[in-house]
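After this come two complexes, each holding subunit A, first together with subunit B and then together with subunit C.
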Partner chain A sequence: MSIRNMKQAQYMLFGVIAILFPIVTSAKGSTITLLASIGILSIATLGFNVLLGYSGQISLGHGAFMGIGAYVSAYFVSQLELPFFLALALAAIIPFFVGFILGLIALRLEGHYLAIATLGLAVVIEEIFAEFSGFTGGWSGTKTTYPTIFGYTFDKLAVYILIITILVILMIVTYNFMKSSTGRALVAMKKSEHAAQAMGVSLFKYKLLAFSISTMYAGIAGSLYIHFFRFAEPKLWGIGLSLDLLAAAVIGGLGTIGGAVVGVGFLKILPTFLQTVPILGDIDGLSFVLTGISIVIFVMFYPKGLINLPVDIYKKFFSKKPTEAEEVDL
Partner chain B sequence: MNAVLKVENLSISFGGLKAVDDLSFEIGENMIYGLIGPNGAGKTTVFNCITKFYTPNTGHVMFRRSANDVVDLLDYNVHQIIGLGLARTFQNVELIKDLSIIDNLLIGAHSQYKTSVLQQAFLSPSARKEEKEYREKAMDILRQLGLEDKADAIAGSQPYGVLKNVELARTLMSSPKLIIIDEPAAGLNETETEALAKMIKHIRDFYHCSILMVEHDMGLVMSTCERICAINFGKKLAEGTPQEIKSNKYVQEAYLGKDDDDAEN
Partner chain C sequence: MDLFFQNIVGGLQSASMYGLAALGLVLIYKTTGVINFAQGELGMFHAFIAAWLYASGIHFVIAIFLTLIIAGLVGFLIEWGVMQHAVKIDHLGKMIMTMGFVMIAQGLAPMFFGNNPLYFPKMIQGDPITIGGVSILPNTILIIVITLSIMGGLFYVLQRSKWGLAIRVTAENIQTAKLMGVPTRMVSMAVWTVGTILGALAAIMVAPLTTVSVTMMADIHLKSFISAVLGGFATFYGPVIGAFIIGILNNIIGFYISSKWATAILYIFILGVLIFKPTGIFGKKFIKKV
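Presenting the complex of A and B:
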């Protein structure tokens, strides 16, 4: 019980530090933007990890669900003038049902049909968003405002604080969820489908559940994205974003909660530093190259992910005998 | 006799091969029942038919849940079987290696959980209570099987013999009426096999369930089973007590080959 409490406290501590950091350092606007986009993508990656890291299914079109969440949220706030939190809830629920229906079709078949179906979605989604111009503003994009809650209009920093708060809440909820019987069923399914079935886990039901839940996270992330940047256009939500989520989950550490944040942080911060390096910084699309190389390196040499690196380094240099059977970091 | 499980005229073929051919047998209440046969006789196939991993071509598998509630397992999906009161183990130990032993046991209770995903994610009081109950149940079972000191160890770090017992413990989490065990002695040495025989009997006596086992090790089968069904090429050769099976001419032929005059000298 004490470990459980500790984990949740760790996430909260992380949240407090993340919120205080820009305030204490009175960070520039661009730094807040960087941190906020890390927070937003972390939310989507957290959901992606439920799917890939815990239940072993893969989606190549999660960016599309972020897009749906973003447009839904912008539409309800700007066009229908609904309260922000209601729009946020709808931005979670609507992608959930879109994911549910897609999963209902794609998961009936055994094998990698979910990956294929979502890849198809990733390819066509930009066109779809562009066509629905009444809803999305077409290729020229759609604008919205900072959220207003109970008459208080957020500024940039306040939205950032909101993003981190939601991220921390979702980290805790995800942790509880993964430690529950449903979470164990997902893990069992990933490791041995036979065992899971024999223990009463319906593979179809739990794959569908994992996929729908992960699209819900993507929808929430999309909503926060559009209310932070106050602008979105169709080409944001294509396959590039989907692969970024995949990369962040793999690099951070599959099947871990902190890994989502670490992975996104790595992918976002490193290119920012590298851009200041002469020659290297001049390469076009540096972050794409970096993403690709990082996936290969991590899959080949360190599939446990960055989140486990400090523990492994500590074990290697500071503890004489490796402790057997240490619990995998969540 | 009140049979817990009644297999009736079960047949399944793969391509042109009849893996199980018109097989019938029944298992009484609180009975340890053995299914034996030489390699490739179709034992594991029978198992997979009963637990719905395979769907047989013909036949019925009648399972008595209570006095007035008899169901045909073939009407259910593979993941629904355990909820009816029938839990199984696997020949090659299917545990989740990254999880602790107690978490593995809790997976065995999956079919018993009643709280919803939302209740679990937000740690509602009923979800907490439920989790605590099953955790206690898991500890009780581990204690019964002498595994309580391993509860928090990661499954992957434990030796094979322990894992076999853990898998057996996991079946008990769903309070089954019938446990079916696939080759429990495979990969165990003689001492471990003897301990296993004791444990199987203890489980039957303590948890009041029937046990069906598929087994190669004749020593284990003869010392634990009350009734045995011997099959070969998917067909029943003989059924009876261990003594009857041992002295049965067809069984001897199947295991040792035909008793020719040449072999006598």
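Presenting the complex of A and C:
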């Protein structure tokens, strides 16, 4: 069995490289920030991909769920002085329940009510975050510290390593989850809703499950966000963030695990890259426009996403064998 | 009691904007199956065009007409240049594409018009007119009159003309419509054009009440969706009536309960509608055939 077929080993290898890279190159603080934000958004996108890639539902409120996770985590760590991992767990569980209730309401109907209901959440949440100032610090934002685990206080690099570790763990968990019977049901739903239904897969139940699980990822990402940047304000969690997650999932490759990381990498490195290009770097909003165009192009011409690009190029130019029926690639 | 009527009149003004946007949404949704999430942001972009034209010295009436023509062109180009080539892509993919348009519009606006909010004037200046204890700005009356006449005109076209028949047939069943010789491609081009114009018109009407900025349409956009959910996506008139209910409720809640929480309360209200009457007021029972 070569490493090409061992996904778990690939994810771990990715994790090791991602951790070693800033250490070996003794990277600047801004590079670590960039890499960490890629890691954080990858976690959220991983969850978003479970929702969009498998249940075919769009959420415009995942940014809001990240916000809930972030504030919950900051509140428990800074105000109640709970241990970090407990706060992280709560930051996953509370969005899960909020998502569960919202999904219960919006997923009963065929169609795209979830997208509309979560759009509403994204618009309303900013006001809610701003008003509950005891909990969130209001418009001026809330501050928190780097996490402390067993008396050891993290520094910037250590939080980055924590983020990548959690990302890799979640990638492996997601992979194994997709191989479980529940995961198989989700894959069946992705392939054909009617066939899945005929096989006894309850669409409502599994869509609800996919949505609630994906909000959990968002909550974890939010918690890591606030403990890395140590600051958050209500404006952060609006619809723009959710659209970023959507863009990353689509560009990276829907229904794939590695695609989440590749998509977020594309999304985050693009503006940084554009800034280094003369003339283009001075144009406001160019990276937004390019991301939007990329979404349209990937949906229309290459829905498999960036993650599958190397394999397809390899097949096209080097492989003489006729390709067999492809297995579901995670 | 006067205050109550005052709020209803104010509500009619917001309702006009929600209604125009909601009608644009449902026109595109019913005929092509795509929920156009870019409606609000495209409207924002067009409001920027109008404000920019006005700032460069063009009379605002001409600026509005030019903007509406550009909006129609943009809607047409989106259909003709992009959506028409996406026949094989399912509705989900097309919806994701409209979210791509959201990002494009959000990026293009600061690129062309800078980061500062722009100003756009009211259509008529003038002191409020008092009718039976209720004072109304002339601009409010004009907004309501324009909206009602546009809607009246559109519904007349939908119900009476051959074009309207084509749109209604396409909305009912696109496959059958094609077989009956209805030019469904032309229909979808027409609805994208009209839908985008309606969104732009809503944005132009909002512009004087706030400023022209990237976030100006967030609230209207959401409320046009809420209106469509309340009225049901099954008919063309449902979302418009939904918009009038939402607009009036919005002002009444804002006045008697809390203006800060009006949107949040309406949001909870609409979640309630989804629980008890999920297909909306004028919804039909949805039967899916495999």
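In the analysis below, the second predicted complex is superposed on the first by the 320 of 330 C-alpha atoms of A that agree within 3 Å, B and C clash if a C-alpha of one lies under 4 Å from a C-alpha of the other, contacts with A are read in each partner's own complex, and residues count from 1 in each chain.
Basically, a contact is a pair of C-beta atoms (placed from the backbone, for glycine too) under 8 Å apart; a residue touches a chain by one contact, two chains touch by 3 or more.
Predicted model only: the values in this text are computed from it and were never measured.
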item	value
Fit-or-clash call for subunit B and subunit C when the two complexes are aligned on subunit A	fit
Contacts of A:176 with subunit B and subunit C, given as first, second, both or neither	first
Which superposed partner A:203 touches (first subunit B, second subunit C, both, neither)	first
First, second, both or neither for A:29, with subunit B first and subunit C second	neither
Subunit B versus subunit C as contact partner of A:310, first or second or both or neither	neither
Partner chain in contact with A:289 - subunit B first, subunit C second, else both or neither	second
Angle at subunit A between subunit B and subunit C, C-alpha centres, nearest 10 degrees	80
Touched partner set for A:185, first subunit B, second subunit C, both or neither	first
Contacts of A:239 with subunit B and subunit C, given as first, second, both or neither	second
Subunit B versus subunit C as contact partner of A:194, first or second or both or neither	both
Which superposed partner A:117 touches (first subunit B, second subunit C, both, neither)	second
Residue contacts on subunit A - larger count, subunit B or subunit C	C
Minimum C-alpha spacing, chains overlaid - subunit B and subunit C, in Å	10
Common ground on subunit A, meaning residues reached by subunit C in one complex and by subunit B in the other	194
Residues of subunit C defined as touching subunit A within the complex	35, 37, 82, 85-86, 89, 91-97, 99-111, 114-115, 218-219, 221-222, 225-226, 229, 233, 260-261, 263-264, 267, 270-271, 274-275, 278-279, 286, 288, 290
In the complex, subunit B residues that touch subunit A	51, 53, 77-83, 87-88, 90, 94-100, 103, 106-111, 113, 115, 117, 120-123, 127, 131, 134, 153-154, 157, 170, 174
Subunit A residues touching subunit B - in the complex, by the definition given at the top	173-174, 176-177, 180-185, 187-188, 191-192, 194-203, 209, 324-328
Residue ranges of subunit A in contact with subunit C within the complex	56, 58, 60, 102, 105-106, 108-113, 115-117, 119-121, 123-124, 127-128, 131, 194, 239-240, 243, 246-247, 250, 283-296, 299-300, 303
